[in-house]
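Order as written gives the chain letters A, B, C and D; numbering starts at 1 within each chain.
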Amino acid sequence: MKRQIPLALVFIFGIFHIFQYFVPHESSEWLYEFFLKWIYIIGIFALALGIWSLIRVSWDKVKHRRPNWPYALITLGGLFAMIIFGFDYFRHFFTAEGLQNYMFRAFFDYILIPIQSTMFSLLAFFIASAAYRAFRARSLLATLLLLSALIIMLRFNPYLGFFGDYMEKTASWLLNVPNLAAKRAIIIGVGLGMVATSLKVMLGIERQYLGKD
Amino acid sequence: MNIFDRMMSLDRRWVFLLLAVVCVVTYVWPFSIPIRTTDEVENIFDFIDTLKEGDYIFLGIDYDPNALAELHPMTYAIAEHAFRKKLKIIFATLSQNGPGMADQAIRDITDSVKLDRTYNGVFYPGRTIVNGVDYVFLGYKPYFALVILGMGQNFRIPFPTDYYGTPLDSIPMMKGILNYDQIKCVVDITAGNVADAWISYGQGRYNFPLALGLTGVMGADYYPFLNSRQIFGLMGGLLGAAQYEKLSDNPGPAMDGMRIQVYAHIVIIFFIIIGNIGFLASRKKRMGKEVK
Amino acid sequence: MEAMSFGTFIWTTLGAFLTLCIFSFLYRDNVFYKIAEHLVVGVSAGYFVIILWHNGLQPNLFDMLKDGNSYFLWLNSAQPWYVIPAILGAMMWTRFSKKWSWVSRWPIALYMGIATGVAVPLEMKNRVNLQLYASMQSLDWGNFFGTGFLDAASGLSGLIVFLGTLAALFYFFFSKEHTGMFKGAARFGIWILMIGFGASFGYTVMGRISLFVQRIQYIGDWTKVTWNPSSGGGFITFWFLTFGIFAVWAIYEIIKFFRNRGEITE
Amino acid sequence: MKLKILSIFCSLLLGIVPLAIAQENADTASVDSTAVASPAPVSQLTAVDTDNDHGHSISLKWEPSPDDGAGLKSVIGYEVYRAESPGGPFVIRAALPSGASSHIDVGAKEKESGDYMADYTDYYYKVRAITADSLVYSDSDVFGPVQCYGQWFNTGRIPVLVFVIGFMCTTILLIQKAKSGAKLFVRRLAGIEAVDEAIGRATEMGKPILYVLGLGTAADIATIASYTILGRVAKKVAEYQTRLIVPCYDPITMTVAQETVKTAYADAGRPDDYNEDMVYFVTQSQFAYVAAVNGTMLRERPATNIYMGLFYAESLILAETGALAGSIQISGTDQIAQIPFFIVACDYTLIGEELYAASAYLGREPLLLGSLKAQDYAKAAFIVLAVIGFLTINFGIDWFKQLFYISN
């Protein structure tokens, strides 16, 4: 009961949807659309799980005064503030006014966007320091990689004068010939890997997602 | 401890400081650099430029704030170009933090289209963009692969209403618009594997012309799809955005950013070369000492 | 410069302040960074809840069941079958209770079945079939060496693409030892892969730098817009407050720096 | 006659026709009093149900009217009309520019929508060649009856079906073979040999080994592959009695890693050497995790750092600090964007699928092995087909490549 039926479900729906792709008839399409609508709803409930685990972990940190617990309070504060603003101070649950709420949009535009984009812009610095201290032409292959990277990086450099045009041509040749061959091989490998994994899940060979009994 | 070893053990924060100083100086110092355009970007510009008034295009704003730097200039340049040519745009976002950013982008673009501007020598009078007539914003749905499939059958399956809650059937612009067949092309601007979903689930199944605007990280990985004609155009990173801005004669943050980019790259290349010289020198020294 | 409303000024200053908080991590992990990081984790989670509700559940589930009422568990609505996915979705939430976690397996199995079923033919077609079809390209043998410098449309380039793809694919082939003739093929394959990775490396560096470039433009625009001495005392105090906090902290660090005779403490 | 000219003149004056065209007509009307000659009609009109679709659409083909672009040059477009009976009321379905010779008439599948087009019912079509003057046109003869219906099998997608079924059978076959104990060959991998060497080096120098499982959750394939490699490393470490440090990013991954290391120590016959805090949870925020691991690297100065699993942008910072701490670094990930950074910063790198091959090679687990071999056979098939296709198309033989053409 706990294992057989879920595995049967995966197999039946999996096989149906593989062969549905080859049957354009209206009835198979209707069934296909029918299940698409279901998946949205199930998926949204599943995503809510992630939120619930964040709340649980943060609350646990605060309750037991774990190290850095005041920061967990800030996380919970931010979370509930957004929920209050998002529902327009709990005035509109079933209409989308909350999305136009002033505080809701201000929090998004002036807290979420600056912090998230700055968080990733730190990487520019880490690349600079790694370029200096870690990127070594330690082998012939690493040298080839660094040379190809330098060509791409010098592609739009205006100070190359006479070589500028040749650099641009080399860079676009490099992108459209060797890079294309390499990425095509990788795409094929990834494609076969995805299909193999999907088949393993469908045939019940890969059961990791079911979790332990 | 020769010069290189001492340079190696230098604290990384001096490196940070140098990069920051170089970038701030180039930001303040007003100069401009020539941008060469490549045909991956020209394909997109030419396709949109040849569309007639009233044609529909689908613009997917599928990225989060962390990719805003490279992708917002693309969204602004394409949307401005399309609105100036009186095309109708269907906006949608398939990434988690997309809605807020798409909302902000649409507000800014509608403001900038109000002004009178001349692009490539053609004068465009300012026009007010009306939601529901010139564009519709469908909002966000999780599970982008299934949303793309759903839109192939009918936009109303994944998006019964638009982002603001008005049902699609009561939007004047959406009358007669069922799925991708009525759309001239889809331009998806994304940072994640939403691009793969658009190629496999969207173009792969419903065969509409698809162009991609990608971040630098993914830019080089999609050339095979260009070669196999699964996508007809590709804008990679800030360079792609700057090329589109140059083609549409609408200089903006991307072209301005490219000149800072040039000097930052010179710093990085300088570091790579110095680092490797130090590495080779110390290896030759070590090789000499340990006679294997 | 049109007068900026005080509200917008406060918000843009907060945005600039939080940007500087994150940048302070470059020096070392400190209070400002921790506050900003935990704040964004909470705000983005809250934002996601609202978007899931208004853009997800509201139009796709509640609107469909609107005409029914909760007394009959919405079964009397025009499209009652929507109740089933809602129940399946709720079953997903049993994943946390130790005893009932097996209940959550049914919706997960349904989802995995449909997701993998849809993926198999489409991934096979778009990543394997179409790439195979595209690699069977007839080359331009007439213009074998191409016109001009490194012409990508020349026959030779087409040959390199074809042989390169096969060699790189062979490198990922695990059933044959790379010896004899295969050693050459694998070597050519790894060379092609390295050039491909180099191209991605170059683009990634450009991508990361432009993130930082945009942050400078953001702070630059903020100073241009808010630095207006004639706009009254209130603006100026907040402007200096933003930079002032970091200035005080920088002075404290510099004093510590000299006291430890030039050793940056980790 | 006068009345006729007057009526034409008035309609033009009213300006219903765009001004430019009116201008042109005004001249001819005043000179030539006879009506403008109507163009030759469209010929050989055929209509058939559109193939490989869910019904509700009919494809039409016709020869354009000889007066289109030649002869009188008066045809500016075509209009497609449809009716339920040969003489019945014809409804306009589409207006096409001049030169068009085909059109797909698509109707809606929902009964209630106005544009509904029923399957299995007779329809009759005719195409009208129109000129600038809306009163002058000529109709083709009516073609019918034609019915539209949905096909049960989409013949345009046969190559995909062949590939999917072929791959499915090979996978099942090889997994059965692997289960029945047959020895499936997987070639040696440079990265794995480096791991054994590095462990030996760590024991000589008496320094610990640092193993990072990456940022993946327990369900990610790269993390699952990393468990097998961690098991192998832990077994060797148990034999040589060197210290092992495993900082974890995800609590669930940590529990599985602890179990893997514990069983590895038991297999090596040293269950008591295993202590709980070898594998510990750090934090679940990307940069905080990296800062903590960097601190461990600079303090413990491990002889070898092994990074196997799912890595994002933090791969760069880990590899850099590891290089500074002077340790041998071996990495493996399937995140294509991070592979370049690992290649230039680490001594050995398992690229993409080599990570899965390494775990299959070490783990010898039949399911992993069977599936990996199936992908190998598929790659072999791809290479063979590509070579044949390439040769045939370049020698002018086209039919082989058409075998793989997919219409939609």
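Here, a residue touches a chain if its C-beta (ideal position, glycine included) is under 8 Å from a C-beta of that chain, and two chains touch if they have at least 3 such contacts.
Every value quoted in this text rests on a predicted model; they were computed, and no experiment measured them.
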By count of C-beta pairs in contact, the leading pair of chains: A-C
Rounded Å distance, subunit A centre to subunit B centre (Cα mean): 17
Rounded Å distance between subunit B and subunit D, as computed from the means of their C-alpha atoms: 20
Inter-chain centre distance, subunit A versus subunit C - centres from mean C-alpha coordinates, in Å: 6
Multi-chain contact residues (two or more partners), subunit A: 18, 21-22, 29, 37, 39-40, 43-44, 47, 96, 99, 108-109, 112-114, 116-117, 119-125, 127, 129, 131, 133-138, 141-142, 145-146, 149-150, 152-153, 155, 172, 175-176, 179-180, 183-184, 186-190, 192, 195, 199, 209
Junction residues of subunit B - those touching two or more other chains: 8, 12, 16, 19, 66, 68-69, 97, 99-100, 141-142, 146, 149, 158, 163, 165, 205, 217-218, 220-221, 224, 227, 239, 261, 264-265, 268
Set of subunit C residues in contact with two or more other chains: 25-26, 37, 41, 44, 47-48, 52, 54-56, 58, 60, 115, 118-128, 130-135, 161-162, 165, 169, 172, 193-194, 196-206, 208-209, 211-212, 214-215
Topology of the chain contact graph, where touching chains are joined (line, ring, star, complete, other): complete
Residue numbers on subunit A that touch subunit D, as the complex places them: 18, 21-26, 29, 57, 119-120, 122-123, 126-127, 129-130, 133-138, 141-142, 145-146, 149, 186, 188-190, 192-193, 195-197, 199-200, 203, 205-206, 208-209
In the complex, subunit D residues that touch subunit A: 52-56, 109, 119, 150-154, 157, 160-161, 164, 167-168, 171-172, 175, 218-219, 221, 224, 284, 287, 313, 316-317, 319-320, 323-324, 334, 336, 340-341, 343-345, 347, 352-353, 356, 367, 371, 374-375, 378-379, 382
Residues of subunit A touching subunit C in the complex: 2-3, 5-7, 9-18, 20-22, 35, 37-49, 51-54, 56, 58, 68, 71-72, 74-83, 85-87, 94, 96, 98-99, 104, 106-125, 127, 131, 141-142, 144-153, 155, 166, 169-170, 172-192, 194-195, 198-199, 201-202, 209-211, 213
Of all residues in subunit B, those that touch subunit A in their complex: 8, 12, 15-16, 18-20, 33-36, 38, 64-69, 97, 99-101, 103-104, 141-143, 146-147, 149-150, 153-154, 157-158, 163-165, 220-225, 227, 239, 258, 261-262, 264-269, 271-272, 274-276, 279-280
Subunit D contact footprint on subunit B (complex, rising order): 8-9, 12, 178, 181, 205, 207, 217-218, 221
